[in-house]
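Here subunit A shows up in two complexes: once beside subunit B, once beside subunit C.
Right, the complex of A and B next:
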């Protein structure tokens, strides 16, 4: 039985939550400040190597992050509609639809970000990204720098792929130096690499505390904190904040506390991106049944640990959506076993073809290997029209019943 | 004239019976390798003495594939997997699947556990394909395909043979371009006929197809030219092979004078140029490929290409045939629409998928479009 951790208002400025929240907000403020100073600002896809803009000292914003924020605050449908009026199909990833709309209207009450002077695109999470950024580049008439990291059908990354991707890293750095006048230095890169390593190690350590029963945290925390992992990994503040997070989780383990504010009856893994417009509904549906989502692939995905440039290149070839089924499956199996997971809840995300396109088979293989049940529900990370609370409830209830019966509770 | 009719019938027959073609080649003791869309290196399969057979799915009910793909994956992928699971490709030695869109990446992953006895051979293409490092990566991808093919089929690869196969394919490209142009003078050749000519190319050894197309061109030039009252249009999309759709175009007197359709002219735009080795030549061909929704192009050249086709062939309008759930095309549609609007070119969007049975809406839309174009 876990005790509730009650430290609501006022937020403790020394808490990880506060620090991480501040880093996320500051990203927008800093980018706007850079823009106001007359510096060039970029828009950057989430798994583009942050080390590049960070080392060059370039301010960038993350459209996926903004889209998630807009969707969580209720603006998803409004912005999707704007893109759809321009001819974009509602089958297209809602992050893209929201961002393409934002690029046009340039102002929302939910979350603004400065207009871009260049685009940094990396397709290691999906090829949809290329199409989306091509259209942005054409509409806004700004340069697009692309690092193409193809989906790897093999378990290991081939030498040919490393050589291809590395050549593009070099090319991207050169293009950015010419475009912005900023310079790449080995010294600065080393520093960024060290912070990124520190942040990643702390994140992996923090998320792995879910191995304790009860888990010292509610897995929904990870969905929120992940923004910092994606965008600010190479910053000193991020490393420090993640270390605080780990410390807090360790303390919770010692004191028997948790940020999961209910009795932890069941432990599941959540697969997919959060349904941002229904964060409350999806989390309450679990909490009310005593289900703690103790881990997600994010817990593993953002641990970028490497020792040199080549290692960094390889790490970016090994992100979840770039891996073949077997590799992706084994990573999840490990998380499930390490964290004593009893069920798998899969978000079949209407926006994300790659993430959902072979998830059914992967779920079956995971279920079998770990001997746990899995259920899937239909949803969307940002378009509220593609989620049904009733269906979600039914599926979660179904999962709960199987987990209970497996425990001999029926 | 009867020669022309017969010739067209031959194309229809082949286009409508890929399974018969597969059986025919197997009965000749030939090995057959399936080639999923797009830009699959057929030349390599050909050079290894095997029959590359294109598969773009079929208009079948999706049952088995549903347990693998969610409903929002395009019907091209769904139906290829469905056919595979049902055993429709039995006897084929392997399938090569390039990973140029997110759905294609998933097809390969699902294929592995759902289709027995037909190994999946991935072809990983670069998007940064024009630079030297891109070409090197393409070449490495081809080398991997060769190694997998050797393993799956026991056949061997020789670069000199590839050079010969490339010549065969270049000739086929040229003949297909010539045919498309030639058809413009013969409005009696319907949209359905035109499609059958293109489609049949996937199910035949390429030099056989070249011969058939050359014969057809010969028949055409013998035939008398009739006054052309049809409405000239350009089509663009991934696949325009639905019989109902083609019939609607024909019923409405529409003549496809040029296309940028992936399963039609898009693949024949570029020839492989001579290079140090056959493989380099082939990698160069992929680097030169363009005007396609699954190939990175920051200038969105596909949009200009569409309006260029309209100008070159004096078409009245463009029909964008959208394969439902095809996100690469869905993004490009918006850019094509914009350019068409700027140039005052009428554009009709028609959304289809392989499971569609009711084409009434499409019919109405095409009828209305015809009135605009007249």
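Right, the complex of A and C next:
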């Protein structure tokens, strides 16, 4: 009998996966190093303009990313329970509950991050964020800088909205300069803007390669790579890694390879934040049926393309959770058509009332316009108590059977 | 057709298969294809294939009623509304969210509080003068609502009619989202409850067909699908 153990081959340090993984990990290491050097570090909401702390040379950590990591590694329920014991409702965002618990206990085996000296909050992703950060500011007795980007009921971003938000960007820069002693320079901003643009363009180009059949990648890859888009898109290394990712996908198109390791029988769009505690179950449920999730608006959401400061302000006013239903629908319809999507799988994410709330009507409109079936399942981005694998399986199988019958099978 | 209650998971399915074969005086080798459906379908080893109960209910109902375009299936664990296209193929569906309200389990719980068999609910609902309002969407909260309504003097009949209306209202919401197209058929165990059927007809303003065999439609669909598989292979056991 052979005692041979199959060894996992070491990751290729030149691969995009390795580079992107390193950037995501280094973000926490760098922030801790800055803290150890006596510098001020911040906690930052995911759609806050990363260009501001990056230009100022400030290290920040992203509680949403940390919460997703904790949830994916099985710690979500434990931390949610701590917050709930403190009186936070089970109904509020699980990222908020996890982070508020972390701010209290300050140590988890899943993922640590340095204690903050200031908070950067932007409500273009949701309004729960404001109360979450206000409570952090009160509990930790530290300043909170907020940029208010209200939900836009109109299709386009108006000049008035840009002016309103731009004034707040300027004020946030001024507050941070006073607080940290760091200085904003136009040269540095231009450099950050250039890297952010390069990163975003490469990311959007890479994700758009799903237009090929079969797709050169498994859409679940995007959920992991996105951490870099959220936290590090203004960095040189991020731009370079994303360009490598695009190159790899192009090579896959050429050679007919894909990171989706199964026969691609069906192509769907996934709507909503990943169900991190059940990433394997949700991904296997699709892969075992030959379903590749080729696109998601969530990935598109973090590609910021602009040419100047005003353009940057406008880009942050135009993020998916801040735009009106018609605009949000049209963006999804474009992704569905560009990527030959056959079905829509919607994660009714109990944490995200805003996103899940408008999906019922938006799914109906998308389904009608694109003539594709849509199916929703209950879950949560980080609280494992809101998901049932059997219910998920039935819905996915139903979706598969409709897609098969539309192709003339079954 | 006969309904056998034989436990849950694959143990129940195995017992049922054993009983069916015995009654039909057949053995396993006589069966060309076993199609599993329902929760646990993926774990039933003797099955040659598995199909969701969504497709099975659609197949079963359409086999008997080809003109049906909307199927409302209220079963024990979930409630579903299926939209059928003009070719007789399921083109979309909507299922209840995580809550048990609007499912057969909700009626089970309520029958239990009222200490009567579930098939009594229909008869007693018919005697209601003014259905009570059971507004809670949570089964446990609805349970306390029922208890408090009874405690404040509401008649059992009015409470039962209110329970039926509550299930109908939840499922009607799903049906409206899928889009109602006539004819509408109700499958699943709850179809046998006239109180829920009538409340649904009132909510949706369409007549709802059903049959004594509504609860069997999923099993019938699975059997048809197994037959189609064997036919496709071209080898039917004589």
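A few comments on the model shown:
Keep in mind that, in the parts below, the second predicted complex is superposed on the first by the 401 of 410 C-alpha atoms of A that agree within 3 Å, B and C clash if a C-alpha of one lies under 4 Å from a C-alpha of the other, contacts with A are read in each partner's own complex, and residues count from 1 in each chain.
By our rule, a contact is a pair of C-beta atoms (placed from the backbone, for glycine too) under 8 Å apart; a residue touches a chain by one contact, two chains touch by 3 or more.
Please read these numbers as outputs of a predicted model, since none were measured by experiment.
By the touch criterion defined above, A:207 lies against neither subunit B nor subunit C after alignment on the C-alpha atoms of chain A. By the touch criterion stated above, A:258 is placed in contact with neither subunit B nor subunit C. In the superposed model, A:360 lies in contact with both subunit B and subunit C.
In the superposed model, A:168 makes contact with subunit B only, not with subunit C. Contact with subunit C, but none with subunit B, is seen for A:388 once the two complexes are overlaid on the shared chain. Judged by the touch definition given at the top, the superposed model places A:375 against subunit C, while subunit B stays out of reach. Applying the stated contact rule after C-alpha superposition, one finds that A:66 touches neither subunit B nor subunit C.
Looking at the shared chain after the overlay, A:128 reaches subunit B, while subunit C stays out of its contact range.
By the document's definition of touching, of the two partners only subunit B reaches A:146; subunit C does not. Subunit A residues in contact with subunit B (one complex) as well as with subunit C (other complex) are 348, 360. If you check the complex, the residues on subunit C that touch subunit A are 39-40, 42, 50-55, 78, 89-95, 97-98, 177.
Listed in rising order, the residues of subunit B touching subunit A in the complex are 67-70, 72-73, 99-103, 105-106, 108-110, 112-114, 120, 122, 124-128, 131, 133-134, 136-137, 140-141, 144, 293-294, 296-300, 322, 324-325, 327-328, 330-335, 337. Within the complex formed with subunit C, the residues of subunit A that make contact are 348, 360, 364, 367, 373-376, 378, 386, 388, 390-391, 393-395, 397-398, 401-402, 405-406, 410.
For subunit A in complex with subunit B, the residues that touch the partner chain are 86-89, 91-93, 96, 123, 126-128, 130-132, 134-135, 137-138, 144, 146, 148, 150-154, 158, 160-161, 163-164, 167-168, 171, 324-325, 348, 350, 353-354, 356-361, 365.
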